[in-house]
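Okay, here's the structure, questions in a sec.
So that you can tell them apart, the chains are marked A, B, C and D in the order they are listed, and the count of residues begins at 1 in each.
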Amino acid sequence: MADQLTLDTARAWVEGFAARIHAAADELTALDSAIGDADHGSNMTRGMSAVSAALDGSQTDIGSLLKKVGMTIVSSVGGASGPLYGTFFLRVGTTAGDKTALEPAEFAAALRSGLEGLKARGKATTGEKTMLDALAPALDALDAELSDGGSLSDSLATAATAAAQGRDATVPMVATKGRASYLGERSAGHCDPGATSMALLVDAAATAVSA
Amino acid sequence: MKKLINDPGDVVADALRGIEAAHPRLRVDHGNRVIVRGDAPVTGKVGLVSGGGSGHEPLHGGFVGPGMLDAACAGEMFTSPVPDQIQAATTAVDGGAGVLHIVKNYTGDVMNFEMAAELAAAESGVEVSSVVVDDDVAVQDSLYTAGRRGVGATVLLEKIVGAAADQGRDLAALTALAGAVNARARSMGVALTSCTVPSAGRPTFELPEDEMEVGIGIHGEPGRRRVPLAPAREIASMLVEPILTDLDFTAGDGTIAFVNGLGGTPLIELYVLYAEVAKLLDAAGVAIARSLVGPYITSLDMAGASLTLLSVDDGMLRLWDAPVDTPGLRWGA
Amino acid sequence: MKKLINDPGDVVADALRGIEAAHPRLRVDHGNRVIVRGDAPVTGKVGLVSGGGSGHEPLHGGFVGPGMLDAACAGEMFTSPVPDQIQAATTAVDGGAGVLHIVKNYTGDVMNFEMAAELAAAESGVEVSSVVVDDDVAVQDSLYTAGRRGVGATVLLEKIVGAAADQGRDLAALTALAGAVNARARSMGVALTSCTVPSAGRPTFELPEDEMEVGIGIHGEPGRRRVPLAPAREIASMLVEPILTDLDFTAGDGTIAFVNGLGGTPLIELYVLYAEVAKLLDAAGVAIARSLVGPYITSLDMAGASLTLLSVDDGMLRLWDAPVDTPGLRWGA
Amino acid sequence: MADQLTLDTARAWVEGFAARIHAAADELTALDSAIGDADHGSNMTRGMSAVSAALDGSQTDIGSLLKKVGMTIVSSVGGASGPLYGTFFLRVGTTAGDKTALEPAEFAAALRSGLEGLKARGKATTGEKTMLDALAPALDALDAELSDGGSLSDSLATAATAAAQGRDATVPMVATKGRASYLGERSAGHCDPGATSMALLVDAAATAVSA
């Protein structure tokens, strides 16, 4: 197993994310019922079903693959998560370019550009009880372990743990972005649905790379 | 879940077929889920495009027609439309004078309309301007929120700006008018029950028999506080008071008072509420110039109501009175 | 019971205050609970009076205005008005050409209007004629029932006969026209939930989560049969089929198709149902000339819908299209 | 105690009926929920409250008293029961005329004319699951016992029993008049609300006369 993100592992990452979303759909909607509008599960399943249908093998490099994912999400999801996940994948794909394999540092940099895109699109930062609170600590952990000489698969596993911790850390937060912010103090005590789906994304990457 | 639907996943597509069948003067693009005026694009007229999540009918599709919107994009239930839809609508109604996007202030709507405007500028060269409606005083417009939500003012704004567009005003003037209407409108809502999103299959939130949610949004987002169920006269003051605190409605040439039903509340109750609201406004020195009572911006089957006040000048009042010919609002035509 | 009301006993009086406040062009006689056109009586015009139990809004008060009714009597909730109210309305709108009573076929309505007509003849000498609307195919018109109920056709009849009255037709001609419209209309309804009468405080009947009541009336009277909850396309055929079996709608100059909401069902579901109805009518060779979709004759907060078909001739169609200016139906004015 | 209907006992009859209606309001509405529109209790209480308010002592004979009752019911109740109970009292009052006391046979004849008025107004006959099914057997029993030489108070007590039996006999009936007829066979198995209120009317008469 090469310590890289290959075109195949990138594809497995996306499919693994789709599978996790389908399995977690009801949970995501239940979380969104508590502090949102009860559609995050159906939004993400609609998007990832569209993605699975769109990936037909004609994407022959990581950049076109992930840009296709991003465009499909933008075109099929709507809501807040559509532009956010869509922008994320578009930016990761753009940074990846026409490579068919990314070295660990390249993949980490691509992911970070996705994070920046997501931040810019949503005008949010960490601590606002959003998907960023799962993604940002995950990428920090990934960078740290990679620069300590860790393998991509080990570092992604650590990142997945950090994402899950980041997701859990949204529970006590008071939301200041997105629909949950309307609730003010009442948003505290609930896990953020977007952070929950984001943790699945990082977990899917760890699994895909270590497979 | 008891709904008059086929498959929960097909509600929007099925309803669009119904709208098409019932209103021959509208055109429905089923692929893009866009409802367009039959005679669009109207050459030389600024095109008005709105849209948002479905579940708020007649908003927005029911407001397409002469004197109001040129096109509306129907998103999934409670989910803003995607940029592709908005772009298709924008292209369909561009008569050469540019297109105004009327966007309700929700993170998703704002981002998707933004992406569509970026695409429209890059790909088709249509001049797009936009107004973001944010009239809901239940949400503080502060660093700690995504800003006030767009609710009832959207209906009034689409009517008034639609009339002005029909009169041939240009994109800059319409954008300014839309901003002015939005700035002079405030809303507040209350829910007696939750709505049920078809794909979720159960109520978004649970409300005990003796409680209600004050400051509710139109997507089943919980409101700001839960209080004991109260008589209509007390509910009226829970709606009127925060609105009048937020903006002075005694100035201007009068007020349009709009009592809106959230979908599950029958008209007779809206009239009971309107009576109480009118009494309070009278006591506060607010002169009602026009009124609108009925379910115009709904939240699926939610029981409850919202109040929107719009402080109008004479020009806005004339635009309000101008003919409109849509499935949801019609007069003078 | 969750309702936007004050005291359950005051709902009708409170709603009348709201109607008065919201619609300055209507006059409300609170003592008699009568809603009258602001310019009534119109000299030389036949006066159109309807009325019935409250809880069906906008019917009938929302249909008062030029091109439709001259007055409406608001009874207690689901209880026909008393003769005094009907007589007051009759006197108020008598412009010298007589008055037509539009009565829905319920024992109470028929008897109270009858007593009012007896009183009007004896006391004020106003010439009164009446039409009894009975379009509900859920009830067999036989020796074993009080006859078919008057439901959705009432709305269409009030519009069409109202337009004819505005054109100056005389009492005999209007009575004949009303009879003809009624004879050509059929309806059928379905309830997904019961309504709750405010004074009763609890649902009139219990419907399990997975059942619906087919052939429902507009007063929470149970229907003819209870069946498992079904998708909209099957519900559509439960409504269309008995209507088409009862009357041939392929003849004539077309059909007005009216999908009505019962008060608690949002518009998006009515459009889903309309799409299915339109498909079935098309398959059956019934040509839809006009359509009406929305809550026009409701049953408080009941979730459900009804379908009314009216086979029109060219004359009726022109009367349908004629201007109307009421709170509930408005076009061309 | 005179074996007559005096002005005072007529008044007591009406007030007794009102009291019974108020006490039974919820029951009447519950019965009407099953086979009607859930308003018989509120209709009758509204009517009898109006009657109590209208009876101000200015009615100095039985005829004007009962006509006032009938007119008040007609003007305040609406629905089916308003014209029916209203017509009943109007006719009983008209037949009673300006007397201040009715002999047993006179009262029975007045009641029967009320029954005939009610039948004519509602175009109904017995066996159709209506208030007639309580009133008709009650008046038959009254006539029978009076012609057997029974006292008015005894005969009215018998009539009240017959009314209650008539009411109970509506349970298995299939309604062919009024709102319950819409139910067809499904109307069987429920007691008729109008027959239930009518039995209270006869019972109130028995109590008033025997007091």
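Rule of thumb we're sticking to: contacts are C-beta pairs under 8 Å (C-beta built on N, C-alpha and C of every residue); 3 or more make two chains touch, one makes a residue touch a chain.
Model, not experiment: these values are computed from the prediction.
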Chain located farthest away, centre of chain C as origin (C-alpha): A
Interchain centroid distance [CA atoms averaged], chain A/chain B, Å: 32
Where chain A and chain D are represented by their mean Cα positions, the distance between them in whole Å: 76
Separation of chain A from chain C, taking each centre as the mean of its C-alpha atoms, in whole Å: 55
For chain A, residues that touch 2 or more chains besides their own: none
Residues of chain C engaged with two or more neighbouring chains: none
Arrangement of touching chains [line / ring / star / complete / other]: line
Contacting chain pairs - touch in the sense defined above: A-B, B-C, C-D
Chain A contact footprint on chain B (complex, rising order): 53, 75-84, 106-108, 111-112, 114-115, 138-140, 143-146, 149, 197, 199-200, 204-205, 217, 219-222, 224
Residue ranges of chain B touching chain C (in the complex, touch as defined): 1-7, 11, 14-19, 21-23, 54-55, 57-58, 62, 192-193, 209, 212, 229, 231-233, 235, 259, 263-276, 278, 288, 291, 293, 295, 298, 300-301, 303-305, 325, 327, 330-333
Of chain A, residues touching chain B in the complex: 29, 33-39, 41-43, 46, 74-84, 121-122, 174, 176-179, 181-184, 186
